Amino acid sequence: MRLKEGIFKKLQMVSTASLTSELLKLGFKNTFMEGVVPVTTDSHLVGYAFTLRYIPAREDLDFEVEYDNWKNPQRVAVETIEKSNVLVIDSRSETSAASFGQILCTRLKYKEAAGLVTDGALRDTPAIKELDFPTYARSAHGTTSSVLHHPVDFQVPIACGKVMVQPGDIIVGDNEGIVVIPIHVAEEVADKCYERDLLEGWIQKKVEAGASIRGVYPPDESTLAEYKAWRNKMD
Amino acid sequence: MRLKEGIFKKLQMVSTASLTSELLKLGFKNTFMEGVVPVTTDSHLVGYAFTLRYIPAREDLDFEVEYDNWKNPQRVAVETIEKSNVLVIDSRSETSAASFGQILCTRLKYKEAAGLVTDGALRDTPAIKELDFPTYARSAHGTTSSVLHHPVDFQVPIACGKVMVQPGDIIVGDNEGIVVIPIHVAEEVADKCYERDLLEGWIQKKVEAGASIRGVYPPDESTLAEYKAWRNKMD
Amino acid sequence: MRLKEGIFKKLQMVSTASLTSELLKLGFKNTFMEGVVPVTTDSHLVGYAFTLRYIPAREDLDFEVEYDNWKNPQRVAVETIEKSNVLVIDSRSETSAASFGQILCTRLKYKEAAGLVTDGALRDTPAIKELDFPTYARSAHGTTSSVLHHPVDFQVPIACGKVMVQPGDIIVGDNEGIVVIPIHVAEEVADKCYERDLLEGWIQKKVEAGASIRGVYPPDESTLAEYKAWRNKMD
Amino acid sequence: MRLKEGIFKKLQMVSTASLTSELLKLGFKNTFMEGVVPVTTDSHLVGYAFTLRYIPAREDLDFEVEYDNWKNPQRVAVETIEKSNVLVIDSRSETSAASFGQILCTRLKYKEAAGLVTDGALRDTPAIKELDFPTYARSAHGTTSSVLHHPVDFQVPIACGKVMVQPGDIIVGDNEGIVVIPIHVAEEVADKCYERDLLEGWIQKKVEAGASIRGVYPPDESTLAEYKAWRNKMD
Amino acid sequence: MRLKEGIFKKLQMVSTASLTSELLKLGFKNTFMEGVVPVTTDSHLVGYAFTLRYIPAREDLDFEVEYDNWKNPQRVAVETIEKSNVLVIDSRSETSAASFGQILCTRLKYKEAAGLVTDGALRDTPAIKELDFPTYARSAHGTTSSVLHHPVDFQVPIACGKVMVQPGDIIVGDNEGIVVIPIHVAEEVADKCYERDLLEGWIQKKVEAGASIRGVYPPDESTLAEYKAWRNKMD
Amino acid sequence: MRLKEGIFKKLQMVSTASLTSELLKLGFKNTFMEGVVPVTTDSHLVGYAFTLRYIPAREDLDFEVEYDNWKNPQRVAVETIEKSNVLVIDSRSETSAASFGQILCTRLKYKEAAGLVTDGALRDTPAIKELDFPTYARSAHGTTSSVLHHPVDFQVPIACGKVMVQPGDIIVGDNEGIVVIPIHVAEEVADKCYERDLLEGWIQKKVEAGASIRGVYPPDESTLAEYKAWRNKMD
């Protein structure tokens, strides 16, 4: 399933905080990844989840410095990913070794992937910060992933940052963190959130100017009327 | 792959501590589940891993008090499991709700499953303690699994208690906890561990009787000779 | 608000696990205290929450070995509590010192309080185990509460074990742990849970006897009909 | 109780680290909030604690996207707060949802509050960073506070960052974090700390220039004499 | 330094909770090990700390299944320890492998050591429970210590359970846990604690019989007079 | 033991991530400190470990605002340290008070120490950030170290960030964190890592230019031949 272009654009303009509120209205309470933060400053990403699953490493299967590119699910995932996909890795929130590094990020960027999200650690973070590619992780660790993680399969439903991620779900990231939008509500959420952000921006201006939050945040009928007048002029 | 009967019997006689030591000699360092403890006192189990994987719940898919028995992977797994299988659940070490309960344990027992292992919590633990069915978990929580967990698939490789578990691996449990033996080394490990336990039992007796650990634990050549004489008489 | 006698009796017969399920049906998902376990084996309690709130100690206010019985909220609470009350302490889940001890438990017992629940540690646990008074805590710690805790007020809404507790809420404990029932739904939950446990006990018997969970757990129409016939005979 | 202007100025010039040392001399060991860090770079705040207490949310009371401004303690607190107050929130160190956001911060700023301190998470942190209003929190989370927190009362003694905070205590923040000064020692601590910082700054210069710490840090009699000569000239 | 026989006897009669209170009166607040619990039921120990220090293992130095008995500090410590010593191990509170096991415990017992305390895990706990030798630990783990721990030296000051332990300090354990008494105050503390326990036992009886805690716990002048009369008769 | 000048220079040019990979090839898996991060942006350090060990403070030995410079191991260590040494502190990963501060850092800098590494917290971090001296720590805390830590000895093997550190080991830090190189493999690792980084830089360029990772990362024979031709021209 692919979203319409306009929807994608709207998602690029709204904040992850606003998105969680619209998702909450639809009954989804657990949509923001806890503790998964942007590695690069001024990060923003919108894309389709392409999931990769790690389990604990075992000495006879992992513990090599480098993986086999033709068989290892981590490497096959990197070569399979397509434009606008976000590689989302279930690292079991383990941070005692890395889950991904610079050269693979570079490859993802070349393939026009939208970004990388892991609930584990990243290595080569000083170089990744220079890469102009949106990456989100829990922390940094120098040690290669194979001492901790066994890549086992990809494009299956996973956990990441304590949130369910289904392949194809919409991943949105900003400087606050990452929100996961179930694909079947993404269009509705994008539309509503775009409108919500217009309203909240307008309220923010009023509060900056000295309005009490009473009657304004949340807006009562008269405030809403005032807003609608302004909103109608805007289009 | 199935083990020979004699191998199974040997595994029933050795301790999980000894098994980790023999696995360590083969290079496997991470084979014992951390923090997964027996619910019932005087627990012992040996069986083949039958894996079940949970990811975080989502309000449109879970959050029902009861699951659909014909479609939900948790329920299908319970009805699919066979004699001598151990149901091993990847609960992401999350304990803020249960991962399994009494009636499903009762069904597993009726089907002659060898036991249940989860790295999450169990509910109905007072009743499960009365059930005469080996169960291992991290803790107890009254709340049903569906508020926290979405059962997603079974018989795939999983993480449990920070250890990799492949379907068909050998699971051994005693009052200390759970060890996972990769199936392809299970026979070798069982044989060596059985011999090791004979030796360690004999050493234990010597140390009880006042022997210094020097020369005895680990045994030097002369102690080994003494042991072998004793061992030969035993068979 | 006080419950009818029959309701109280029903609550003494059901399990905390069942109660969480009936509360879940009413929309309450977070009702079971995480990590708060019975100190005494074979614990059961039902009572009205009498809350006590601790905040971090400060050297000029606390750090005495013993508190002033006429002014300190901990001591005043103990002397104020009435029959069928459960003293529920918000210890901020801190366990690096105790939150309560034996002599105060003895006083609570004499006053016919229903029990004690804290999400911190208890001291004198070996003696408390002998006391025949239901106590629930996170762990044991020998050090007196005043080095860690400042009792600040009582009979205000608190957090305990990550659950909201309002004064007067119904607290039910069994060997699994503690559930908190908002007082305004306690009667409904007690009635439904009593019926639920009858049904689940009947299902448990069927599954023990070899029934598949399919059609039985949850029960389909024909199973329910069979159950109702049995249930009608029972009254 | 209000401090003299000169005291306030001194508190604006000293570091939180120095303040903890002067408080330690008076016997207060636990005055610095653990893990509560500035959201905005180059943060500094001095003000009177205005406390707000959260407990766990419950579905029938919370879980709305927006709160009632006339009744909800969070909203009433925001409208009640006065100039030079610091809103200090007891969020139970929970970070799986936010505890406060941008528009309410904007309102606090307009009301000339001195800042915001929470031991939970904040949402809208990218916008808050632009706000020129001192905010301190444990982390960022996009999800609104009502899924996790029930605001229950304000201007009561609370825990924040494992430190006791009484309404009216002096809160001082810098780029290192937050220190809480009991109001009755604030004047003494401010005076001593101001002098201490002069001394430490002078020592720092000496050590930069190559002095051994021996005799200098801490200063012996001859170093103190040298310092006093310099200090006397300064006034 | 060795304690007089009578002091040792008194320490065997008092509880760890009481000891922490007497130590607190002397200014020692941090004397009880957090999370270090008895492995065997009905545990009691009094002895002199004999310390052993572990640091993280390194592959070229550790990771053998068995240590060299003549050189490895763990093994040399076991053979050096004397009657009435308690082996106290600084395991850095790490529990992802064991820190000690059955055969070494057996050797300690034969040498009339008073017990074993570790803030890590133990292996062979089912066998250790049968051993009639007081052991305290954080948890159980089957894997041998060498994959996690490098024994580095013994009889140096260490951390155990977040408490400082000096070689020769008095270690007292009961069913609640472990308290560390600095040797230079042990005699004073033993005497006072013995008297304290007599008083508290007498108070406990009064409270059981229905006395209010007011005037009784802590005792006021008239209660103390009553107690003294009883106490005098007792000698 | 001291390294040759050229080796030191190579270590200044490589990344900690690369170093962990070369150490892994030699069998060392646990060489990167978890959670120990640079306090100052753009940090780089290479030096010899000079270790300092802390254990929990005790009221009769610590809890002074300032230590005795002639006797306290912390202070003696600071005055004993030599050029190119890195002060590495075992703070038991405890962060509820500081482990070191600005003036001592200034002294280390003056003595041309290479840097400071602690697995605890630092105080005066705003000033330390201005100091142009490489410092690594877990977090910031205003409170002086003596309320939490007792400096006990120096130049003994320690744990720091869950890694073994022997006095004289090579410590390398960059913006990702800290790696510990056992001194006896430092030369080999430096040489190999320097070559490795040349190769990885060359691969990185190829991947940036659009090469698949297949055949390139890790390089197959033909890629390696291409690289060697380039590498030969470089010298």
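In this document, chain identifiers A, B, C, D, E and F correspond to the written order of the chains, with residue numbering beginning at 1 in each.
Quick note on the criterion: a residue touches a chain if its C-beta (ideal position, glycine included) is under 8 Å from a C-beta of that chain, and two chains touch if they have at least 3 such contacts.
Since we're looking at a predicted model, the values are computed, not measured.
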(request) Give me the fewest steps it takes to get from chain A to chain D if each step has to go to a chain it touches. (result) 1
(message) What are the mutual neighbours of chain E and chain F in this structure?
(response) none
(request) Report same or different for the chain B and chain E interface, where same means the shared residue numbers exceed half of all residue numbers found there. (result) different
(message) Based only on mean CA positions, could you tell me how far chain A sits from chain F in angstrom?
(response) 32
(request) Compute the distance, rounded to whole Å, between the mean C-alpha positions of chain A and chain B. (result) 36
(message) Using mean CA coordinates as chain centres, what's the gap between chain D and chain E in Å?
(response) 40
(message) Can you list every residue of chain E that touches 2 or more other chains, as numbers and ranges?
(response) 29, 162
(request) Could you draw the chains as nodes, link the ones that touch, and say if you get a line, ring, star, complete or other? (result) other
(message) Applying that definition of touch, give me each pair of chains that meets it.
(response) A-B, A-D, A-F, B-C, B-E, C-D, C-E, D-F, E-F
(message) Which stretch or stretches of chain A touch chain F in the complex?
(response) 63, 65-66, 69-70, 75, 78-79, 95-98, 101-104, 106-107, 110, 123-127, 139-144, 147
(message) Give the list of chain F residues in touch with chain E in this complex.
(response) 27-30, 55-61, 92, 150, 152-153, 156-159, 162-164, 182
(request) Give every residue of chain B touching chain E within the complex, in rising order. (result) 15-17, 19-21, 24-25, 29, 31-32, 34-35, 37, 162, 174-177, 179, 200, 203-204, 207-208, 210, 212-215, 217-218
